[in-house]
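Input: one structure, supplied below.
Every chain is named by a letter (A, B and C) in the order it is written, and numbering of its residues begins at 1.
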Amino acid sequence: MLEVRNLCKSFGGLQVTRDISFALEPGERRVILGPNGAGKTTLFNLLVGTLTPSSGDILLDGRSVRGLSVAARARAGLSRSYQKNNLFEALSIRENLLLAAAAGHGKADTILRDSFRDGAVRETVAQVAEQVALTSMLDLPVRSASYGARRQLEVGLALATRPQILLMDEPTSGVGPTMIEGFHRLLHSLPRELTVLIIEHDMDLAFDVADRITVLNFGEVVFEGTPEETHGNKVVRDIYLGDWQADA
Amino acid sequence: MFRQTLPRTLVLLVTLAGLALYAILGGFFARELVVSIAILAILAVSLDVVAGFGGMVSLAHGAMMGLAAYTYAILSVKLGWPLLPSAILGVGASAVFGTLIGWITGRTTGIFFIMATLAFGQMAYTVFFKWRWLGGDDGMGGIKRFDLGWAGIDLDDSLIFALFALALLAMVYAAAAWVLRSAFGRTLSGIHSNEDRMRALGVNTVLHRARALGFSALLAGVAGILAAQHVLYISPELLVWTVSGEVLIVVILGGLGTLIGPLVGAVIFVLLKDAISDYTDHWHIVIGLLLIATVLAGGRGIYGQIEHWLSRRISSPPEPEEAGDA
Amino acid sequence: MDSGFWILQFLNAVQFSMLLFLLSIGLTVIFGLLHFVNLAHGALYMLGAYIGISVAAASSSFWVALIVAPLIVALIGAALYITLIDRLRDAGPMNQVLVTFGLIFVFLDLVRIGWGDVALGLSAPEALSGTSRILGVQYPSYRLFVIILGLAVMAGLWITLSRTRIGAMIRASVENGDMAAALGINVGRLFFIVFCVGCVLAGLAGVVAAPVASATTGMGISILIPTLIVVVIGGLGSLQGAIAGSLIVGFIETFGAVLVPGFAAIVTYVLLAAVLVARPQGLLPARGGEQ
């Protein structure tokens, strides 16, 4: 579904991404783990398209997307959520989702019809609102919504385009313990047709949700395996010395 | 997000009816004023589409109007082409100009956009000012109004022409409202609210903004045809930056992002200018101070402020349509 | 066209570049610090010219006007800053732009009221009214003076920005205003100083330009647009950008008028369009854009 081949990125003399390669199967849940400074964010931005690689390739469904803009990749089925909420602040939650759904249905351009009244678009909004537990808050202006609701909307926007693959940048960032449970449930409830890649440094989420884990350090892949394998690996333990719970 | 609310519709109908009545009952000079109002109102509405809903504050709308007027004049007067096709091509030329500017500035932010539109508008002015074949700064005369004799309408009659101008204004407003309520308009408001996110959702924002500016320029072009047919003469003065500046002031004064506010603003502006011109020649100080005062008072403009007060007094759930936020 | 002609054009291009530099450096650093474009900058230039003419008439000395007029313009600028612009700092850059745009209109008519509609001239001072020999040609001494003055200001600003503490504070605040404030730099006062210096330079440019181009009510806008183009091409917030942009636009305008007289009017705009498409942040912006 998503394949990364020998991806490298340098900023001037500083090489931040070193020869990273991995591949995701359709429907897989992959978590990218790594300490701060490991290059997770840079990798994320390379996948999403806000940075261009120095060398290497990125393939979506077998097609290279390396030369595609952020918007073009999104149209190709790649959706992303932001670590810091990036919403349409001036609008209501419903309008936020409508915009995303309309874009996903390819109905964002026409002057002939109102996308907000389109049946298919509204249907998608209802479904996504259900998924992210926002159904009762749809008419709330985003400005008035709680942080938790905004965080859910953040994921909702990414889902509303009905993507093939969802990239999430530290989705539990800033979310309190009561909400984290909700997030675990949300991630488990995502349809299996959707491939999910999550950048995280929260180990609990990684072990709970991931099918496979890729561990980065200093810009390169140091380990890749199932959660159990990762848990038992010495290199990974060394990197995270002190952060581990004995009963994880 | 744009909403054609009932109050807005009422204000639109009342204003148009009032202007029509004024034209019918008033004399020649009243009709002249009505046409001037219609031209300025069309420009203001067209600018609000991109400035109020797309965040693209343009200082080139006067130039767009002038470009359409000149194209119409070149084709119909210099080349002798039939009037309606010439007018359509004139409006089209303005649309192309707008789309190009929108595309060129697509990757820049608001302040760069203003500067670029000021520059390109001035460029258009300079081109027409220096082009001797078009009369240079003496301008060009011999322009004709549409021949609607087959429908029994004589546009050379001042009353008929004034009503014709109001009809065009109504059509321009309707077109603007339609597009703003369409998927295209929704996306434009989305880009205004958060362009980065729109890109991440798969929208080609540069193209979208270029198209929006092209549509806005198309509407401004209608004002250009009207202006040319009004005085049957055009000059580069149509493209001077102060004209674009006045359109922007009218939009801010009337109410950025309300669509009807700029229309009302144009009425007030023209009537005010006419009243003040009896006392002084120095109209620019007045409008400069009006703009500054409007911004200092919160920037909502007359109609925007009224809507704001009304929505607070009614104190029902807050309207989710703060489209014009800077 | 002999080589003498080209040397003359070269000198004219440099002279025009100097004028553009005096204006654009103020505009670009003001943007870099305060994050708004002072559209009234051209109006301040116009005021400098008109006030310079009046001071020169009152004192019968060009040199007195050269010193006093820019200071008066700075006072006007300071008054504007305190009453209007500072108040709108929190209202966002768009509101500041709109207000300065309104000021253009106000100043336009104020100048018409104060000095009338007719173009006014200012004679170059006696000492500079002849020609000098430079690079093998006879060149008007006054224009040479403009070049030297421009270069002197350029050098002065360069030294100030790169060698002095206040220069370091300015550069720091342009790059990261929040961080600079956190380090204890009084950013508000810095803004005010920079704004006033920008006004002084605009006024100076006006006085200096008057003997060459005469003072008209349209001069504000007619110089504002090339100045904006300089700032966009050169990149916002940096001295190097202002220098590079001024030279590029100055040379293209001057040689364009000579080489392609029919298209001279649009050559600069084509360049502007090219920069906006290919490198919208400009050639040498203060904050180098990533990617």
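Methods note: a contact is a pair of C-beta atoms (placed from the backbone, for glycine too) under 8 Å apart; a residue touches a chain by one contact, two chains touch by 3 or more.
These numbers were taken from a predicted model, which means no experiment stands behind them.
Among the chains in view, B has its Cα centre nearest the centre of the complete protein Cα set. Greatest centre-to-centre distance from subunit C is found for A, with centres as Cα means. Subunit A and subunit B have CA centres that are 43 Å apart.
Between subunit B and subunit C, the centres computed from C-alpha atoms are 32 Å apart. Chain geometry summary: the mean Cα position of subunit A and that of subunit C are 48 Å apart.
The residues of subunit B lying in touch with subunit C in their complex are 57, 103-105, 107-108, 110-112, 114-116, 118-120, 122-123, 126-127, 130, 241-242, 245, 248-249, 252, 282-285, 287-292, 295-296, 299, 326. Subunit C makes touch with subunit B in their complex at residues 31, 36-37, 84, 87-88, 91-95, 97-99, 101-110, 112-113, 221, 224-225, 228-229, 231-232, 265-266, 269, 272-273, 276-277, 280.
Touching subunit A in their complex are the following residues of subunit B: 1, 178-179, 181-187, 189-190, 193-194, 196-205, 208, 317-318, 320, 322-323, 325. Partner subunit B is touched in their complex by these residues of subunit A: 48, 69-72, 74-75, 79-80, 82, 86-92, 95, 98-100, 102-104, 107-116, 118, 139, 141, 144, 157, 161.
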